[in-house]
Amino acid sequence: MTSITIDQVRRQVEADAKTYGYYLTPQQDLLQMFSEGLKTNEERYGYPLCPCRLATGNLDLDRDIICPCDYRDPDVAQYGACYCRLFVNKDVYESQNLPEVPERRPIEKQQRAYGLPIAQQPSQGENEKTPTPQQAKTVGVKKRLWYCKQCGYVVYREDPPYICPICKAKRELFAEIDMKVEFNG
Amino acid sequence: MTSITIDQVRRQVEADAKTYGYYLTPQQDLLQMFSEGLKTNEERYGYPLCPCRLATGNLDLDRDIICPCDYRDPDVAQYGACYCRLFVNKDVYESQNLPEVPERRPIEKQQRAYGLPIAQQPSQGENEKTPTPQQAKTVGVKKRLWYCKQCGYVVYREDPPYICPICKAKRELFAEIDMKVEFNG
Amino acid sequence: MTSITIDQVRRQVEADAKTYGYYLTPQQDLLQMFSEGLKTNEERYGYPLCPCRLATGNLDLDRDIICPCDYRDPDVAQYGACYCRLFVNKDVYESQNLPEVPERRPIEKQQRAYGLPIAQQPSQGENEKTPTPQQAKTVGVKKRLWYCKQCGYVVYREDPPYICPICKAKRELFAEIDMKVEFNG
């Protein structure tokens, strides 16, 4: 479907890194590998899924791990790099020491996406809310209108971002817009 | 009405280029000419209309060609430069070879704005939907709430942007927010 | 409550300056002082209140003076620096001459926040609408959905921003989204 070149992918992540004051990984072979992974995912799913994660092909379930993923900003703030180590901060870029970055994606989102009992959680027999892989393709998620109490930025998502892309307020400063409206989405 | 200096215009386009990882045209005489054009349009219409296009003076009809115009991002991605060649990518900036960039603005939007039969389209006699230049001043357009399915970014426009300004998702990833609300705008 | 290091504060304002094409104050002692002030306010109030202003501790009333404050962009455009002189433009950065920047925050917002008759305004006896400092903690403000007529950007705030963070349109290009909805917030 969508055709995109490695160069376009590279330019996009470069520009995105600059916007946030980040750097791309100093390891050129990793950068090349990630660019190819993003290109492949873009062509396969229609969106640049994180090359270090597993897609379901259902945009609603994969949304949080599309690059730049929801977890990049808090990960760079805390560890100096995102989960993939594609985006790093200045210190990591200059030292070239890539840190270990644990998976921040909540276990419930992993479980919902892949329909598998997760090893870290004790199995609780049948979990009615976890869709099987077959069902995952058509599952939707409930979206709401959130706003940043600091700058007013509005998003329509299941849950608010970790960091406001406009004013960099943290997630706790987001609240739901409280209005009498029925959303059908 | 609004007073703005050439320096302010220049600083604004410079900052905007940086944000997106773009460069300004390497030809200093063009840059000077565009800055003057943007200043003139800002003072004449109240908004910095693209210096390479024709205004109607009706913001609703001119909206897509206010600088940075709706077409800049897909044009820089595809051709390395916007229609004006004010914004260019790194390759074009370094090579100094400005590419030809065809007009991406849809024929229907040109027609709606200028109320003229467009040469490329065969004339179909009277077109009831095309306003005459006199009518154009007061015509409004139907706006809707759209959201980016990738990052949740919300816009209130006639149609979604070509590229999400927050996460750079492409237009196909925008959808209308489906809710029971009557918009009066 | 929230723990944040001086380094994180510094990196955040640096990235934010870059995004908008601004520079941080060239005076290193000021930069250090502001970073400490922002860290202190973040820990005390849960948000990085401008280190040059007085907090009420009520987010709704303090919102416009959280860094980067509402007034930064028009101040840098007009004077070359924000009220604090933390963010400056290129000319100021290079000349190292920090300009005087008058307080742009409207007198009504100062009055509402601090519940004090303001010296510049003639006293009009009892002002029923001005909350006392005790009341200020619980006062809310009426928020509305605004959109940028240039790019469609949507915010949920008491009043629109001075400059659109997406397309840099000025405040006059924002309008309320006119729809039949009751907001409870």
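Which chain is which? They are A, B and C, in the order written, and residues in each are numbered from 1.
The rule we apply is simple: a contact is a pair of C-beta atoms (placed from the backbone, for glycine too) under 8 Å apart; a residue touches a chain by one contact, two chains touch by 3 or more.
Everything quoted here is computed from the prediction, not taken from an experiment.
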Interface residue identity across copies subunit B, subunit C - same or different by half: different
Cα-superposition angle relating the copies subunit B and subunit A, to nearest 5°: 120
Distance from subunit C to subunit B - Cα centre to Cα centre, in angstrom: 29
In subunit C, residues with contacts to at least two other chains: 18-19, 145, 154, 181
Residue numbers on subunit A that touch subunit B, as the complex places them: 2, 8, 11-12, 14-16, 18-19, 46-47, 59-60, 63, 66, 68, 143, 145-146, 154-157, 161, 165, 181-185
Subunit A - residues contacting subunit C, complex: 18-22, 77, 89-90, 145, 147, 149-154, 166-170, 172-173, 175, 177-181
